[in-house]
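Before we start, here is the structure in question, set down as structure tokens.
Chains here go by letter, A, B and C, matching the order in which they are written, and residues are numbered from 1 within each.
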Amino acid sequence: MGRYIPETLSEQEAMLKDIGYSSIDDLYSMVPEKVRLKGLNIPEGKSEMEVLEDMKEIADHNTVFRSIFRGAGVYAHHIPAIVKTITSKEEFVTAYTPYQAEISQGVLQSIFEYQTQICELTGLDVSNASVYDGAVAAAEAIFMTLERNKDEILVSDTIDPETLAVIRTYCESRSVKVTLLQNKDHLTDIEEVKKNLNERTAGLYIESPNFYGLIEDIEAFAALMHENKARIIEGCDPVSLALYKAPGEMDVDIAVGEGQQLGLPMGFGGPYLGFMSCKKELMRKLPGRIVGETTDHEGRRAFVLTLQAREQHIRREKASSNICSNEALCAMTASVYLAAMGPKGMEKLALSCYSNSHYLAEKLNELGFRRTDEGEFFDEFLTSSPVDPFVLEEKLAEKKILSGLPVKEGILWCATELNTREKIDELIAAIREVM
Amino acid sequence: MKLLFERSVKGRGSDILPDITTGTYKPEGKYLRQSRMHLPEISEVDLGRHYTQLMKQTHGVNDGFYPLGSCTMKYNPRVDEETASLPSFTQIHPLQPLSTVQGCMEVLYKAEKLLCEITGMDAMTFEPAAGAHGEYTGLLLIRKYHQDRNDSERVNIIVPDSAHGTNPASAAMAGFKVVNIPSNDRGGVDLDALRAAVGKDTAGLMLTNPNTLGLFDPNILEITKIVHEAGGLCYYDGANLNAIMGRVRPGDMGFDCVHLNLHKTFATPHGGGGPGSGPVGCKDFLKKFLPCHMVEERDEFYYFADPEKSMGQVRSFYGNFLVVVKALTYILTLGKKGIPEASGKAVLNANYMMHQLKDHYHVAYDQICMHEFVLGLDDLKKKTGVSAMDIAKGSLDYGIHPPTMYFPLIVHEALMFEPAETESRETIDEAVKIYLDLYEKAHSDPEYLHNAPHHCPIGRPDDVKAAREPVLKYEFND
Amino acid sequence: MFKNPEELKYTKTHEWVKEEDGLYVVGLTDFAQDALGDIVFVNLPSVGDPVTAGEAFSDVESVKAVSDVFSPVTGVVAEVNEAIVDDPASVNSDCYGSWLIKVADVTGTEELLDAKAYEEVCANEA
């Protein structure tokens, strides 16, 4: 059995004796006799070597694909070696939330740097220190738009279904009415927005690129919402922001998104990172931790958790969100990633995703996988399928290639910088074999 | 310390990505970005050194004693990090075909079974990403349960005044009204106040036991009975489970649902404020309301199933999966004897430390404690002017992370100590000596403590300035 | 020891109120600002919001606490003092000059105390 308690049992007995008890069980005298556990019904503990072997065996029941053409919210990217080196430093991994600023300047500064980078990416004024994931970020952003007489939200049906599911749960518990807007050719339909706007509308949640990979005309929606004294929240893809207009350039009020692409492994769904930024006027409605710059008594620059009176540990039931722990280490990962890539690296990354996916679309088209939409796309697109998508998925899996995602309307394909010409040509050859 | 942006020099940086090989596809038109993105331009070596400096200004669990009450800052085993870094866990897309993710499914399935046994629950979801997220999910279970019975009157969640701040905040977020009840003179639930508070409008009670004073409530069976008889459900806040795991189970104490903090009790690291994991367990009768994606097994094949009346999702996919890998590794390592041994030693450490401090410092509730205890420094402050904050800041100069300060709210000038089981006797003895020194210092040189710390990278920061004139990002000149 | 100007009326919850050109001006007392410590933000209602005597209409934040501010009167918010949003410190330095809101259409009031009676309230709480 592995154990992490320094003392032997006899040493523990000596400690007990020092404080006047004869057994550890005596310390549990307040626990009613009838509910004291006689023994846990779980396996005996194991040595480190055995546990590592067992876990490796479990992990081996997964298939690691050599080549991944699937996105749908989670994307395979190259992670620079320096990112893992830095973020596995023990101090960063094991520290608690930096409430004690004097011994936490490292973590606090890294969050301040992260906040700055998120503001730069999104072109907005204020960022928080992260929330659980992109879907929760969207739900929290919706709560930010609510006002006393505005408790309804419009949501485009072109958004990621995972995000929609979370929005529905969150809104239902707070009695916020969600109106789902029907798309037109997989783009949000402005007529549909107009039709559903009313004086109780607090805002619109829309994603660009949307679930189908298409770029939405955010500026038009922003103008419409503001004319109607409502807010617009854009769910955005952080990689695409190196190429496409930033939310701040389009008068978006709140930008949110999934930060997994910024140096985090896919990890079967997590941990990920929800980023949130907003216009300055909404600063005090932003949930979660925020780091600010100040000075210490000698005038030295110092970073602290600030605007804390917004938060649950002070405001309790009146807090606008209950969030406490967030995804600090993931935020640091994103920050290191963005620094390692730099502005040119991010641009190259975005262009690679764009170019590779457009090449993929062209090659697939030659095989009869026709794009179903006409709109502009970034790195994901939807096609019809001349073969059963699930048969295709299975056959390609045998070659350790993960196909596009079979969805109701066809197949949703994705290519990133990892899907080079060579990898795409290999995929195309493999599909030819299947057909 | 310079910021990343202050180290940036135009044109620097390393080539991480190859040149594009797929031709000359380029976007154009009205959707393209116009504004510049100020990201740092920095060489790899400078980037590495930047973070090494930041690392040196960060206090991790291995930098010294970390008795932060209610946070269970135990040692984070290295092997747990190693298993969670296996490429066949990290490189798995959450939307792969089921037959290619059987290993991940097995992790979730096994972790669920083990944690259900430890908590006395029948099912568990790993979707919640942190403790507060778990609270929210657990409360939605309670909400769904009452809705399903068409009982729309039950809108109140009862929360003792000693509760963690997340409890009332989560209840409000889940659409409930919060009814605060006072604690009794031993820091436990006041049974009369509870009896007076329950009724047809009671949806449930949120409780942590041991409570935030580190005391096990001996009336626990009576408490859960009162709530059940009134038609409410009992929610267990697992923040303090480290005191009792393997010794008594929330399920046996009458709780209907629980959340756990894997980043406390099950040794996964805190990461400077996350990622955590806040799984929620429940009894059979609540299972049908759990979030989607429950893992089930048939003929040695694992698959996802959505509960019949599922609340939907509270997070994308299946939660912070890699954190669950770490916790599973930990549980498999400790096993049936190691789990109760860990809780027992945590309780021993707390009593051992409290015993040595109580002749000088005032212990808020002087009785056997569980894994943590609370000092009230009200008298010290009146006598010397030295506050709980001053003592806490003083301890920083000795390389000790301060205990939790000014919590729970019901104790004035509170300092809450939780010396987790992985701390040795020598470490605690040294810490006790330091706190006794600080006690002396409070009498001999209070001014020195008002100005503490003296040997940290910065002195006390100006929190008022930070909040009055918020500077929340770096401002670029160009 | 706390300044409580004679010409104002007070509530037991430490707000002051005075009638001025048909409007009721509301602010925080010296006792309140002292108890709160350094005020970092004041959450004000919007013009047009209804307020009810004895119910919270605002809250004020210090670094580590937040406290409700209760309305001494029932009516409708006619003006809010935007200046204190930019300079919350002025509530500490000049609590009787830094009013929070002005209320119109007043239909009722809380039990209001004169300076002397309010002084006793302060003395009992100190």
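Criterion: contacts are C-beta pairs under 8 Å (C-beta built on N, C-alpha and C of every residue); 3 or more make two chains touch, one makes a residue touch a chain.
This one's a predicted model, so the numbers in the text were calculated from it and none came from an experiment.
> Determine the chain that sits nearest the middle of the structure, using the mean of its CA atoms as its centre.
Centre-most chain by C-alpha means: B.
> Just grab the chain with the largest centre-to-centre distance to chain A, centres being mean Cα coordinates.
Centre of mass proxy via C-alpha means gives C as farthest from chain A.
> Taking each chain's centre as the mean of its CA atoms, how far is chain A from chain B in angstrom?
20
> Taking each chain's centre as the mean of its CA atoms, how far is chain A from chain C in angstrom?
43
> Between chain B and chain C, what is the separation of their C-alpha centroids in Å?
A distance of 38 Å separates the two centres.
> Spell out, as numbers or ranges, the residues of chain B touching 2 or more other chains.
Those would be 463, 467.
> Out of chain A, which residues touch more than one other chain, so two or more?
307-309, 314-315, 318
> Two-or-more-chain contact residues of chain C, please, as numbers and ranges.
As it turns out, chain C has residues touching two or more other chains at 40-41, 61, 63-64.
> Quick check: in the complex, which residue numbers of chain C touch chain A?
40-41, 43, 49, 59, 61-66
> Which residues of chain C touch chain B once you look at their complex with the stated criterion?
By the definition above, chain C touches chain B via 38, 40-41, 61, 63-64, 88-89.
> Using the touch definition from the top, list the residues of chain B that touch chain C in their complex.
Per the stated touch rule, the residues are 406, 463-464, 467-468.
> Provide the residue numbers of chain A that touch chain C in the complex, in ascending order.
Within the complex, chain A touches chain C at residues 148, 284, 307-309, 314-315, 318.
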